[in-house]
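What follows is a pair of complexes built around chain A, which joins chain B in one and chain C in the other.
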Partner chain A sequence: MDIAALLAAVFDPQILLTILIATLYGSFVGAMPGLTATMAVALLVPFTYFMDPVQAVAAIVATTTTAIFAGDISGALLRMPGTPASAAYVEDSYALARGGEARTTLFVSLFSACIGGVVGVLILATATPLLAAIASNFSSDEAFWLATLGLSCAVLVGGPSVPRNFASLFIGLAIATVGIDVAVGHPRFTFGLQDLYGGISFIPAMIGLFAISELLREAGTRPDLSLGKLVIEPLGTAIRNATRRMRANWRGIGRSSVGGTLIGALPGAGADIAAWIAYAVARRVSKTPEKFGTGHYEGIVNAGAANNAGVAGAWTPALVFGIPGDSVTAIAIGVMLMKGLTPGPNIFESDGLLIQTLFGAFLLANIVMLFTGGLAVAVASWILRVPRAILMPSVLLLSMVGAFAIDGSVTSLWITLVLGVLGFAMVRADIPIAPAVLGVVLGEVVEDNFMVSMMKAQGDLTGFFSRTPAAVLGTITLIVWAALLWRSGRELVRAFRTDDTARNANP
Partner chain B sequence: MDGGRELLTGGVLMVGGVAMFVTALGFPVIPAMAYGPGLFPKIVAVGLFLSGAGIATEGIVGRGAALKERLEVLPILLLAALIVAFILALPWLGFHIAGTLVLIGAILIFRGSWLTAIVFAPIATVLVHMLFYNVLRVPLPWGLLLPIAW
Partner chain C sequence: MRSALKLAATTALVTLSAGAALAQDAACDWKPERAVTYIVPWGAGGGTDANSRMLASMLEAKWGTPFNVVNRTGGNGVTGHSAIVNADPDGYTIGAVTVEIDTMHWIGLTDITYKDVTFLGMVDIVPASVLVKADSEFQDLQSLLDHARENPGDLTASGTSLGGIWHLALAGMLNAEGLPPDAIRWIPSQGAAPALQELIAGGVDVATPALSEGKGLIESGDVRALAYMHDSANSALPDVPLTSETLDSGWTLAAFITAGGPAGMDENIACSYSKAMEEIFASDEWAEFKKNRGADVVQMPRDEIEPFVAKTDEDLGAVIKAVGLAAQ
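Let's turn to the complex of A and B:
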């Protein structure tokens, strides 16, 4: 790889400006309660449509990285995690902020996020080319198994209820079947609408699932957004204290950064699951587990590093196999496909410079975040004073115009609304959204490869195992399926038991 | 133990799965090919049905999870109706008028004051216009304002 070309690509003024603006945007959206990191990316997508591929991907990674950190701002000041990834340690950061250490807490979050992010990117940049080399001679059999494995994994880790995770996945796959079919060109589930022949357009679908659904939910809430009496310490003291806290916890930072990257790389498990697991592990190995949840820095450091490491980790399966690690990378894959880039092992050969630039931009975003995130911490109490009555309507208008802008058709707006209502209903029914997004993105890939392999094998399912790599992947998939069956069986048995106890206790 | 929500969710998914399967039965079968366009949708439909059945079972055996938060229904319905009205009115009224009106409506739904609505809505609409029309060069419909389009 030509280092000079790479540096020129990363330090291109346009890319630098994009990263700067995206980190500011990410800080703002992430900090606002009710606006999540995924929503920030969904709203960004219409704009990426008008960017070149590197710029588009740089904008997405910079926005996600900062938004995941900035979720801590409203968590600490309002006890309302700005993004789900900040939920694990919200009790700690809120208690510390009430105790007069708001800025120290947030700088600890920021520094942990930066270190976690950098470690994640380094692992990503090292591991992906190796994995790509292994994956480079995969056929339709392996592609089918990989996509199926990705989807099954999303079901396994998606949420606490296996049937709900499955439901989410199949809802996503059902959405993906809309449109002209790949084999013979028959229109499916288009309700006679010509505009649906090309399938459900991706951008309106994401804006609906992540922005409109949240807006609908927000309309029904009356959150208490008053900051109350808050003593805020001087910036210099906060940074000094935060540095001291970081040094005291260096071991946890290392462990959680690596662990967060690995968890983030599991399809379906994103930054939020990485944060919860890192928090739980930190508590288990801590000398003072009883302090967790009462305003203790250890959990914040660990989970704060893990969620940003998870952001980078999620890109591993996305780039190498085209299987998104979380909702954001699912959206990013959609954006890359729109730009004519097909994520997969071959992209490392065909667009090597682009991938290297992506890693460079990712690294840079984590460093730029130190400044823009620091700025956000400094003005945090002002950011949170932006009234909801102005913020939410603006998001609504941007969503609608963004969905419309792609093809200038009113059908896109209907898709946005229908999927917004669907997303809202799923959230109300406790059905996670991430597996559905994976289903939407991967549906066509799964079906294409399934059909090709079916025709090759003439319906003989053992054909799916005839090549060695396919057999390995197929076996892993079957193991994941067995784990799923075992898990749902255990859940049912436990449910019957608790029901019996409940009945015996209260006849 | 309240499993009503699980029964409803599961029921909707099961009905959806059946409807999808029946529709997929109507897809053409190509004589030379064993596997037509209906195969994959049928698999997905079975999946929808089974996961719906699983969720309903959870409700029946009493694993019905408590609803995390209570929401006010009226503002949600109003917001959904507002979006429908915006989509219907957009081609006819044009972006500027429809955008201003949708912002006024949404500001009121999110409990802003009339003053905020009247002042903020037109300004934000013009800003969005500049962002999309002048920076990204996306044509937004002018509708009624076509005579004064710039």
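Let's turn to the complex of A and C:
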């Protein structure tokens, strides 16, 4: 790798400017309650249309990292996590803010986010080329098991209820069956509409499921956005106190950064899951577990580092196998494909410089975030005063432009709207959306590789275990399936029992 | 059916005079006054996309009006081709018409054929190849074909979807050599890149994509090229044996990319486009672009394009019927 070329590519003024603007944008969107990091990236899509590939990916990366951090801002000030990834420790940061330490807790979040992000990128940059070397020997058998494993993970960790996760996944898989199938070239569920021959393109689908559904939900609620009485400490004091808190918790930061990266790398488990798990682990190993949830820095530091580490972790399966680690990388894969980059083991050879630049931009984004994030903390209360009546229609406009920009067809707009309503219905029914998104993205991968393997083995199912790597991956997948079926069975039985008890109690 | 498919690029074609006579009557002085939409039926980053974007940007520079490239993918090419032929023939919507115009209607995906297109320029001609993994037992095409003849169905090959152009390249070659078209079983893939990944991973025995698509892996030594389905050597890989010389049938097959608009386009618009493109294809900038891609510049006069496409249509139709993929 030519270091000079790499540095030139990363420190290109255009890339630097992109990262700077993207971190500002990420801070803003992340801080708005209800606007998630995924939505921030979905709204970015129409702008990536005018960027070159590195710039587009850098923008996505910088937006995500800062949005995940900025979710803490509204969490601390309003008790309303800006992104789900901040939900784990919202009680702690809100209590601290009420106690007059609003800026200190936000700077602790910012510093943890930065360290978690940097550790995550370093692991990503080291691990992906090694994984790619292994993955270049993968045939359709292994690809099938990997994608299946990804779907199973989505069910395992997508939300608290396994049967609901299954429901979500199957909705996604059903959407993925639309279009011409690659094996025999037969159109399915296209109703003669030529625009559906290529299937439901997943960026419009995702914008619908995430952004439009959230707008519909938002329209029905009237969130209380008053800041109330808030004592805000001087910036200098806050930074000093935050640094002290960081030093006291360095061990937890290290553990949660590494752990967060690994959890983020599981398909379907993004930054939110990483934060929840890191919070739970920190509480378990803490000397003062009873203080968690009452305004304790330990939880904020751990979960705050883990969710930003998870952002980097999610890129690992996305780059190496083309299997998104979370909903953000699912959109990122779509943008990369639009730019002519096919994620997979070959991308490390065919676009090596680009991948290295991506890692560099990732690292840089985490550092630039220190400044733009600090700025966001300084003007936090002002950000939260932007009128919803202006914000939400702008989000709708950007959503529609983004959906249309992908292939310039009106059908995409309909897909976005229909799936937006579907996503809204799912949210109302407490069905998580993330497994459905993975279903849409991976459904085709699973099916294609299944059909290809079946054709190679002439219908012999044992063919899926005849190659050693395939056998290993297949066994792991079967174990995960067994665990899933057991868990959902147990949950359903328990639900029926509670129903019975309730009925017996009230005759 | 033993007749060889001759899709030779610039040499072997008989010029039909109808188009030429028309062209001489028009002034060829039209130029766009507002933005032109250039539709590409295939994804960004592929060969069709790269050629089209280059051509569009050079047309833009020449005429000073924007040429917006729009990728209308999906439906194995049906979506984009339909968008091109269903547009108004006013010169403001043109696009890349690829070899699939000669296969889609035979397979029954759509009714549109080359007769629905006004051809404006021949952008690229892309011959197929026969590739095996570097450690394969097959050192030449003949031993591969002998093995397939003795053990029909034992070997597998990939390169594109079922009925896609690279599938027809293999099946047509087997057919021309007197083998059953499925003597080497076709494993569908989402394009050349995943097919080459399967080849490297040992998932299939043979791949038959464009030689240019396998160029990187051939040069890195991961893949061996047994044949180039063409009648003149590739300038970037001159040592790959030509099927026109090694096979008794003389079989060759090439995909093509043309620039075209809807049928019924005014002759003055069409000949203005073709004049502009001929100048672009003769330019140093275009030559440099082609050289960087490891491809050769194609210069086919406009009146030869439609007969070429028509001949290909007839030949591919015969292959599709022989393979059993034709619509009933």
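Just so we're on the same page, the second predicted complex is superposed on the first by the 487 of 507 C-alpha atoms of A that agree within 3 Å, B and C clash if a C-alpha of one lies under 4 Å from a C-alpha of the other, contacts with A are read in each partner's own complex, and residues count from 1 in each chain.
Going forward, a residue touches a chain if its C-beta (ideal position, glycine included) is under 8 Å from a C-beta of that chain, and two chains touch if they have at least 3 such contacts.
Predicted, not measured: the structure shown is a model, and the values here were computed from it.
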{"item": "Clash-or-fit label for the pair chain B, chain C on chain A", "value": "fit"}
{"item": "Which of chain B and chain C A:Pro13 touches, first, second, both or neither", "value": "neither"}
{"item": "Which superposed partner A:Ala174 touches (first chain B, second chain C, both, neither)", "value": "first"}
{"item": "Partner chain in contact with A:Asp195 - chain B first, chain C second, else both or neither", "value": "second"}
{"item": "Touched partner set for A:Ser350, first chain B, second chain C, both or neither", "value": "second"}
{"item": "Touched partner set for A:Met451, first chain B, second chain C, both or neither", "value": "both"}
{"item": "Which superposed partner A:Phe47 touches (first chain B, second chain C, both, neither)", "value": "first"}
{"item": "Chain B versus chain C as contact partner of A:Ala183, first or second or both or neither", "value": "both"}
{"item": "Winner by number of chain A residues touched, once chain B and chain C are compared", "value": "B"}
{"item": "Angle at chain A between chain B and chain C, C-alpha centres, nearest 10 degrees", "value": "70"}
{"item": "Partner chain in contact with A:Pro393 - chain B first, chain C second, else both or neither", "value": "first"}
{"item": "Partner chain in contact with A:Gly236 - chain B first, chain C second, else both or neither", "value": "neither"}
{"item": "After fitting on chain A: smallest Cα gap, chain B-chain C, Å", "value": "8"}
{"item": "On chain A, the residue positions that both chain B and chain C contact, one per complex", "value": "183-184, 408, 451, 455"}
{"item": "Residues on chain A engaged by chain C in the complex (per definition of touch)", "value": "136-142, 179-180, 182-185, 187, 194-195, 197-199, 201, 337-342, 344-346, 349-350, 407-409, 448, 451-452, 455-456"}
{"item": "For the chain A and chain B complex, residues of the former touching the latter", "value": "47, 50, 161-164, 166-167, 169-171, 173-174, 177, 181, 183-184, 186, 188-189, 212, 215-222, 387-390, 392-394, 396-398, 400-401, 404-405, 408, 410, 413-414, 417, 420-421, 424, 428-431, 446-447, 450-451, 454-455, 458-459, 488, 491-492, 495-496, 498-499, 502"}
{"item": "Chain B - residues contacting chain A, complex", "value": "1, 5, 8-10, 13, 16-17, 20, 23-24, 27-28, 30, 33-37, 39-41, 44-45, 47-48, 50-55, 57-58, 61-63, 65, 67-69, 71-73, 75-76, 78-80, 83-84, 86-87, 90-91, 95, 99, 102-103, 106-107, 109-113, 116, 120-121, 124-125, 128, 132, 136-140"}
{"item": "Touch list for chain C against partner chain A, complex", "value": "43-46, 49, 70-76, 78-79, 82, 107, 109, 156, 158, 161-163, 185, 187-190, 193, 197-198, 200-204, 216"}
